[in-house]
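Below, chain A partners chain B and then partners chain C, in two separate complexes.
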Partner chain A sequence: MSKIQRIVILGLILFAIVFPLISNNDYFIHVMTLSFIWMIGVYGLNLLAGYTGYLSLAHAGFFAIGAYSLGLLTVKAEMNFWPALLLSLIITGVLGFFAGLISLRTKEHFFAIYTLCVGYIIYLVIDKWDSLTEGVRGLIGIPAPANIGPLSFETLQSHYYLVLFFLLLVVLIMYRIVHSLSGRTYIAIRNSEDLAQTIGISTMKNKLTVFVISTVIAGLSGALYASFVRFIGPDIGSIAIVFDFLTYLLVGGLGTLSGPIVGTLLIVVLSQRLQFLQDYRMLVFGPVLTLLIIFYPRGIVGTAAAWGQKRRSSVHKTRLNNLPEEQVKEG
Partner chain B sequence: MEILIQQLFNGLTIGSVYSLVALGLTLVYGILHIPNFAHGALYMMGGYITLTMMTKYGFHYWIAIIVSILVVGLLGVLMERFVFHPLRDAPPIHDKIAAIGILLFLEAFAQFVWGAEYQSMPTPYGQVVEIFGLTFTMQRLLIVIAAIVVMILLTLFLKKTFTGSTIIAMSQNREGANLVGINTKKVAMLTFMISGGLAAIAASLSAPINLVFPGMGHLVILKAFVIIILGGMGSVPGAILGGYILGFSESLGATYISNDYKDIIAFVLLVIILSVKPTGLFSKGGH
Partner chain C sequence: MLSLKNISVKYGSFAAIHDINIEVKEGEIVVLLGSNGAGKSTTFRTISGLSKPSVGEILFEGKSLNRVSADKIVQLGIGQCPEGRKLFPAMSVQENLRMGAYVHRRKKDEIKKSLEHVYNLFPILRDKKDDAAGSLSGGQQQMLAIGRALMSKPKLMLLDEPSVGLAPLIVEQMFEVIQQINREGTTILLAEQNANAALKIADKGYVFENGSIVLQGSSAELFANDEVRKAYIGA
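== the complex of A and B ==
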């Protein structure tokens, strides 16, 4: 990481920390917290679709599983928030493990279609299993996170910091994964699975690990959502959510570390501006998604990075070309 | 016994609609080798256009269907021309995402123009007929007959005409087809035209017994995917057969297992198939 990058990142984190202090508008803080929650989910999808090349359309389902596990554990089983959070992550992970075990046997289109169907099954089960999930009525009265010692999470500001903490944690984990040998392994699988297998990578084991990590992160995002919004309905498991995730991810940049943050923030802010469109916002975002994938498949971050690299290499080249002359002069 | 026959007939009706949708999907898959997620949106547009033509312009049911076939077919051509053609060399994940973008747009568009309400389509064939002591509505009989006629025509077109065989040639081997002088661009557009037309027919036929709303394509397209995986991606007879298998298992499942969970049957079927054979039932291997 270069020095400039370090400063930019530190600056952004600082800004995120002081944001609730400067902005007295509760609505903005609310929107920011929500977009942080989405970002976490998008990071989950990014690890699988962006770095490993498997487009999973089941992630809304795992988001919903995380949300409903937390909701049911705290509302119906009346558990404390923190063990419930941990348990809901474990539930999502275990379900993700079994879903991955079968779905990862398939590839490409089959994988996309398969996960689309898995997502739909999860949605239908949540919608129809009235006795457990309250069906279309939804789950009401999910408590805020319990206090940790003197820390309480009743206010909006404190909730904001809690979500920010989890977001930073997820980003850190992603950074560590992507820059480790495992991360490189995943990218190798994305670039060519056959080749990866040839050089001795156990693709199934790696893919399954990614799938589970990615579903757990989606589950975390769902659990945070449930405790933040306090009300969940089966709609959060619908295909529309996974399409939202995809839009955020693609606008930011598929397979980039900062893509999920950039894309989510941009689209959420734009959506707030375009609020008069409400249900019709897809009238704008649908074509944007399509045009983006045709002309800028790498998203904002990816395109900017490629552009920067090109400039740097051209600067480098001119310097090389100029080098002899300078040396001549000096000589 | 009577219930059983009634349910078998219902299965035949649903299966006919599924088969028509799956046929369009499988043809496009044969040409492009991508699953067209936007196909459900074409189906939905077909329903709405027929409805508008009938209620707003007072066209006869059949004329409305023909208009709908042409419009949705054109929509398919535009999709191929402006979206899938530029993406032909991109990684497959890009086509899928582009298709999802189109799907989101068309759904929002339908909601914008026609509203989110559920609308019912009038039909000139609402009468009830009685055959062998069983009661059918004309519309359901019409669905079955029309679907079979369309399937026969399509098969004849693909097998007996020159243009039809270019489509088959291209799905077998794109480069090869190009080498022997087939204009692959034209054939791809034609395929999208047929695929859109089939979606429009299916939607217009089934709309009077179901309803027309922006999300009407969701379940149908998911099931069509299940069908083409069941019947082999790109296979025409597979799509027809798979459609009827799914139609029957759903209508029987709804009566004898649970009406609430009847939509899950298709997906459970798919999960089982792909768990046993990850590349689909009748896939030819390779690729």
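== the complex of A and C ==
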């Protein structure tokens, strides 16, 4: 990480920390908290789709599983928030494991379509299983996170910080994964599965690990959503949500570390700004997204990074060109 | 060390290779000759476990590989340097090499030693160790691909067309290095179209045509064979 990057990151974190203090508008804090929750979900999707190359459209389903697990455990089983949170992550992970075990037998667009179906089945189960999930009525009265000692999460501000904490935690975990051998292993799989196998990587084991991690993160996002909004309905597992995630990710930059933050923030802010257009907003978003994918498939962050790299290497090249002939002969 | 017994591989109903028999002894350099599409690469894919034979058996050090997955085969000691210098272009040279040592990932000291070994073999890679693999020249990429295969410390190394698309001078260097790797104790199975250079360093060879082996023998025999000379050496 370069010095500038470090300063920018510290600045952003600092801004996120003081944001509720300088903004007296509860509405902004509410929107910000929700964006943080989406970002966490998008990070989950990014690890799988961006780094490993497997586009899962089942992630709204796992978001919903996380949300409903937490909702049911706290409302119906009357569990304390924290063990319930842990348990919902485990539930999401276990279901993710089995879903991944089957889905990962397919590849590329087949995988996308297959997981789209998996996501829809999850949605249907939530919608129709009245006795457990209350079906279309939804779950009401999900409690705020329980106090930890003197820390309480009843107020909007405190909830904001809680979600921010989890977001930073997820970003840190992602950073560690991506910059480890595991991260390079996932990138190797995205590059070419055959090649990955011929250097001894067990592709199925690694893909399954990523799938489970990414569903658990989606589940975390869902659980945080449930405790923040206090009410959940089957709609949170609908296909529309996963396409929201995907839009945030594509705009920000697939397979980049800061892409989920940039994309989510931009789209959320834009759609708040354009609220006067109501559903006609989609008339703006649709074409813009299409153009972006045609001309900048790497998203905002990916394109910016590529520009930076190009500039650096052209500086490098001009320096090489200025060298006397015999020193450049190599190659 | 490695033997392929009556191997056939089918892609759908198309037989890519048919009834192949190959025997590689420890310490040898064995070359598979043949034009594009003759079945050399399929043979390699089958040995490395990416394709499974429909008929026949592959034995490596007496153990059948038929039901072993590709990643386990690397652990057993077969390293592959695939055709077309398949690297991880966005990763640096050093990262590519470290990925090659994936099966030894817990042995940090060994990886360091292997890295030194590869850098001594290809000093240019040391100079470029922080450059993206995709920015290297063709010859350097081929060196990196071979280096990466070496990082798994294979007992047997499969080299698929290491000379393709390289300048003659670089080809010569490449074959010298292959010979050196062999002297250091790695058995080598080589697929080549450049019969002249390959037969000079090989102990024996097999000639592929349309998915079958049409000729086999010691390097000297093949080198003296009129058909081989006509088809692959051009003299």
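Basically, the second predicted complex is superposed on the first by the 317 of 331 C-alpha atoms of A that agree within 3 Å, B and C clash if a C-alpha of one lies under 4 Å from a C-alpha of the other, contacts with A are read in each partner's own complex, and residues count from 1 in each chain.
Quick note on the criterion: contacts are C-beta pairs under 8 Å (C-beta built on N, C-alpha and C of every residue); 3 or more make two chains touch, one makes a residue touch a chain.
Small disclaimer: the values here were computed from a predicted structure and weren't measured.
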| item | value |
| --- | --- |
| Of chain C and chain B, partner touching more chain A residues | B |
| First, second, both or neither for A:L270, with chain B first and chain C second | neither |
| Partner chain in contact with A:A144 - chain B first, chain C second, else both or neither | neither |
| Chain B versus chain C as contact partner of A:L283, first or second or both or neither | first |
| Touching partner for A:R105 - first (chain B), second (chain C), both, neither | first |
| Partner chain in contact with A:L124 - chain B first, chain C second, else both or neither | first |
| Chain B versus chain C as contact partner of A:T198, first or second or both or neither | second |
| Touched partner set for A:A304, first chain B, second chain C, both or neither | neither |
| Chain B and chain C footprints on chain A, overlapping residues | none |
| Complex interface listing, chain A residues touching chain C | 181, 184-185, 187-188, 191-192, 194-195, 197-203, 313, 330-331 |
| Chain A partner contacts - residues on chain C that touch it in the complex | 48-50, 69-72, 74-75, 80, 82, 86, 88-91, 95, 98-100, 102-103, 105, 124, 135, 137, 139-140, 148, 152 |
| Chain B-facing residues of chain A, complex | 49, 53, 55, 102-103, 105-110, 112-114, 116-118, 120-121, 124-125, 128, 239, 243, 246, 250, 254, 279-283, 285-291, 293-294, 297 |
| Residue ranges of chain B touching chain A (in the complex, touch as defined) | 33-35, 83, 86-87, 90-94, 96-98, 100-109, 111-112, 116, 218, 222, 225-226, 229, 233, 260-261, 263-264, 267-268, 270-271, 274-275, 278-280 |
